[in-house]
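You will see two complexes here that share chain A, one where it goes with chain B and one where it goes with chain C.
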Partner chain A sequence: MNLMRFALNSLLRRPARTILTVSAIALGIAAIVALTSIAWGFEASWQKANDARGTDLIVTRTSSENTMPSPFRAEKVQVVLRTLPHVQEVVGLLSELLSVSADGPPVFVFGWLYDSYLWDHLKLSQGRWPTDDKESVVVIGALAAEMLNKKIGDHVEIEGKSFLVSGIFESNAVVENGAVIMTLAQAQLVTDKPGKVNVLNIKVDGSTNEADLRHIKQQVKQTLPGYIAITSGELVSKNAVVIISKAMSSATILIASLVGALVVFNTMLMSINERTREIGILLALGWQRITIMKLIFSEAVMLTVLGGMMGIFGGVAIAWGLEHVELMRGKIDALFSVPFFFAVLGLSVFLGICGGIYPAYKASRLLPSAALRHE
Partner chain B sequence: MPILSINNLVLHFDDGKTRAIEGVDLEIEAGEFVAIVGPSGSGKSSLLNIIGTLEHPSDGEIALGNQHYSAIKDASLFRRENIGFIFQSFNLIPTLSTLDNVIVPTVGCGGDAGEYTARAESLLIQLGLRDRLGQFPGKLSGGERQRVAIARALINRPRVILADEPTGSLDSVNATQVLDILTDLVKQQSLTLIMVTHDATVSARADRIIYMRDGKIEGGATA
Partner chain C sequence: MMRVGIFILELFSSMAYAEPLTISAQDIAAKMSSAKYSNGFEVRMNVFVTKANGAHPLPMKLAVIGQMAADKQRLLIRGISPKAIRGHFVAAERIGDVRVIKFQTTNNSSKLDPYSQLFNSGLVIWDMFSPWWGWSTQILQGRERINKHECERIHSRTNDLRSVVQEVESCVDIHDRISLRTRLYDSQHVLLRTASVQNFMRKSQGLLAAKKLTIVGADQSKTEIEIYSGDEEYQVTAETFAALEHPSRNEQRKVR
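For the complex of A and B:
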């Protein structure tokens, strides 16, 4: 018999209340886990897509903070960029979120410059790549093929124009796996944005170091007013959707933490009110006040850790479920990590301690003689 | 030298409106069995609570051995090391087994858990509860419950046992049995037993009877 067993016994004595409290905490933790993992996953997924293409710097409009920055005319900017030292390739990219079938969900449609390095990281699993930028064909990601129920030789209709599915590819980035890709020329044609791109991808030569990259950024700032050269990480982190989703995740953490601490506070306060006599007995039997405090904290932390563990499983399940909802497939990729789970468990312990402070103090201050008279 | 010395003890409640104890002087020798008797409201339980450090006196001096109560820094620790309580209503924890109920006072003490368990088992066996170690209090008779409470009071090897109406909730057969066990154990271990009781047959077993009325000791007698 030790304090932990005694605390566990106290919780098991009131199973309904314990289950309700643990469930409430689990719900809050699940919301934290699901929303945070999705927010991080969203950011990581876009960054992974940009990184996978081998892009060193991205040039975009300074003020644009959309998921894909606002389109702009590329020719003049491209000419300037190609004159900068160490710049090897400057490649345009156009993207839209579009419906490609009558009953399917909207998907990302990317237009990539034909025969550019952007295509190199994709792994063709079936069919073939476009043979030139005049061909009305698309290649689709494995996940998009599944979502849209398309195979090689089928057609997809984009903005009223039919495209042959010539290939199915796989990518490490879920955003690309759930996307339809065509040549930039075809994308500009079908979206009625001739000569426009969302971003220009810059690939630098092998001798470029960090200082050179900073120099290129500075040159873009000076020679191309209204444009900015940034890394893929910077592009993603200034993305309004990423910022909003992270803010929502932070708000969820705050609200769920407050609710969790209040639930624990309420449960433990009710518990010590009901157990006033028992606490009196323990004090009479020689339990020190610090031991009573440890007991109440142990119970509170057990509730929150159990709720935290259930919440982690629940949050993973919710995120997994959301990833597989038709509308969200291929757009979000929840990111989980062991340190994150430990941080959530740490938060659970912290909530238990916060919620248990006053009840523990109150229990420890009971006068044994008065507590023993309590009915 | 007496084990317990009480001088001019006073206990007032409600700013002096309720006078529970009024100038009690008492000395109790080590190994003595003292019964405190008197009508309800006479201050018996209050006196027991002060001896057990559950209440602080309003005035007066009290000492257990060389330890003056006014100098006690941690009353809980003092209770654990010196006092064993036995209550009328047993006060066992219903969701703990008999064995665990006896071990409860050792929780948080540190020390060897195995040794505490062995000591608790030994006490319960001595009290005739060998077959009840894993039972919960709800499955025990009143007499058995009080025997568990006696084992619990003895687990930390106290110097003084304070018993508040220990047979008050028992029928006469169980009351006699519990009293026999308690007095035997107290004698074996040379403990001091201070017992509040209404029962004349119980007080008759004591070495000394203290009569209380209106917060004062009216007289004492050797049984």
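For the complex of A and C:
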């Protein structure tokens, strides 16, 4: 019988404890997988939305750290931005998280400048786009249409004003798929923010390189005090929700790791105490101390590998479930990757090794004569 | 050893609690008055009312536009939804002690007592001006901890017998210039209502503002208010407070 089979049999001899330990580890790993994938997914989804629009730089207020940056008057800023080298287009965007039905959850409502490049990446699946910026119509994402139970010709009420649903679109970004989009002029009207935007999107010409982008950022800093030009990734990483969700994810990793290591430590220590005579017999039969250590480590690693795998499945299921909760639909898009799963499994094994160090050392230091006398 | 540890902990906690306050109640009141100064702001809020009998009227959405200066303060509260209050608004102004109030519904305009409840909720326009920070009597009453925030209890009292509210007890987070809990009493020291802040948001200037607050009335009716949108630099135009410019004589009221 090889060492691994021996270790496995030891675990199977105490099924209740093994199941409890694996479950505790699986719960911790599931929490890590779910929270981390949601935090990353939230960030990636916003970045995907910004990137899909073809925006190279975003200009916003320096104090903007909320989900929706503070609105500002676009006109003067736009004039300055248009004079900067390589800047091809400067387009305003206004966004709010608003309820569009009496009983439905709030959705993102975007106001995009009519006929600007922001609309180009959307695929219209039904209906039509707004014909001008005076028309009180909205187009809604496929996911939003499903969530709000709306079709072409229906009306949605936004901030007390009725809008006709003229089209349904699809986007690569879940944030946009779950959103309602109208022209900027209509959004400014309905939210009583005439001439205001949350962000200005800058599109640069094809000859622009990284150094040019840095130069534009520098120029904005110097010529527009209180404003900042950043990439979509930088904007998203400054977002309070992203910062909080990442902090929560890090805290969960820390707590789950500590709990996981302690669970393994406790289980292995109890196991050794119960198996003192058995270990004494193995030592008396000529097992080396290093082999005893390997046995304990093998058991700890088996527990954490199994717990880690179950936790990964559990975490994916939790994230999937949260994505489909009414309140969260269209707002989160959990992001998974094979390297992430391996990293989580690696963390789980690491916990097993950490939790097994002292029990393995303790087992290997047993004296056969004393162990055999142990009741 | 453990006793020593407890003693040290107690010592530190009492030191923290007994930290002398270097600011007077009048100074805090002055700071609270100036904290609301703004060339123009707009907040939009969801208002959920629970009546004393447990009934829940339809949730409301209101927009509040304000312009606050030391000499003149103006507010416009506009109904967004449901349909029953859409287009209705209340315009109010405070110049010194005087307030001019106009209540406009879809079809007619009328006068409105500044102490009456707006849109059948716990919102009272008089409270929204927080005039008690200008009262002559301000007394510090000690420190308290509400929602993990340290706050100073301040008792404000007026000598003006015409005022429905005679005393106000606030617990103020001095650093962030926000009252975490405000209790309003009448001349018999009967509690009229309590406004408590549950959740905060950080304004661009760095100070905290209420994001979620609850007003509990004397009859135990509850009004929960949640801010869902805001503009700290709202562009006030000539039309914004036009309702206050030429109100008819019977729509004017002088209230101290």
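What we mean here is this: the second predicted complex is superposed on the first by the 375 of 375 C-alpha atoms of A that agree within 3 Å, B and C clash if a C-alpha of one lies under 4 Å from a C-alpha of the other, contacts with A are read in each partner's own complex, and residues count from 1 in each chain.
Here is the rule we use: a contact is a pair of C-beta atoms (placed from the backbone, for glycine too) under 8 Å apart; a residue touches a chain by one contact, two chains touch by 3 or more.
Only a predicted model underlies this, so the values are computations on that prediction, with no experimental measurement involved.
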Chain B and chain C placed together on chain A: clash or fit? fit
- chain B versus chain C as contact partner of A:Pro368, first or second or both or neither: first
If we overlay the two complexes on their shared chain A, which of chain B and chain C does A:Glu157 touch? Say first, second, both or neither. second
- request: Quick one: classify A:Pro106 as touching chain B (first), chain C (second), both or neither.
  value: second
| said: Contact-wise, after the overlay, does A:Phe72 reach chain B, chain C, both or neither (first, second, both, neither)? | reply: second
Overlaying both structures gives a minimum C-alpha distance between chain B and chain C, in Å, of 35
Overlap of the chain B and chain C interfaces on chain A comprises residues none
Per the touch rule above, chain A residues touching chain C in the complex are 61, 63, 65-66, 70-73, 96-99, 102, 106, 157, 159-160, 191-196
Within the complex, chain B is touched by chain A residues 1-3, 6, 9-10, 12-13, 277-278, 281-291, 294, 367-369, 372
Chain B residues touching chain A in their complex are 49, 52, 54-55, 74, 76-77, 79-81, 83, 85, 87, 91, 93, 95-96, 99-100, 103-108, 113, 116-117, 152, 156
Chain C contacts chain A in the complex at 42, 44, 46, 58, 61, 63, 65, 79-82, 86, 201-202, 204, 228-229, 231-235
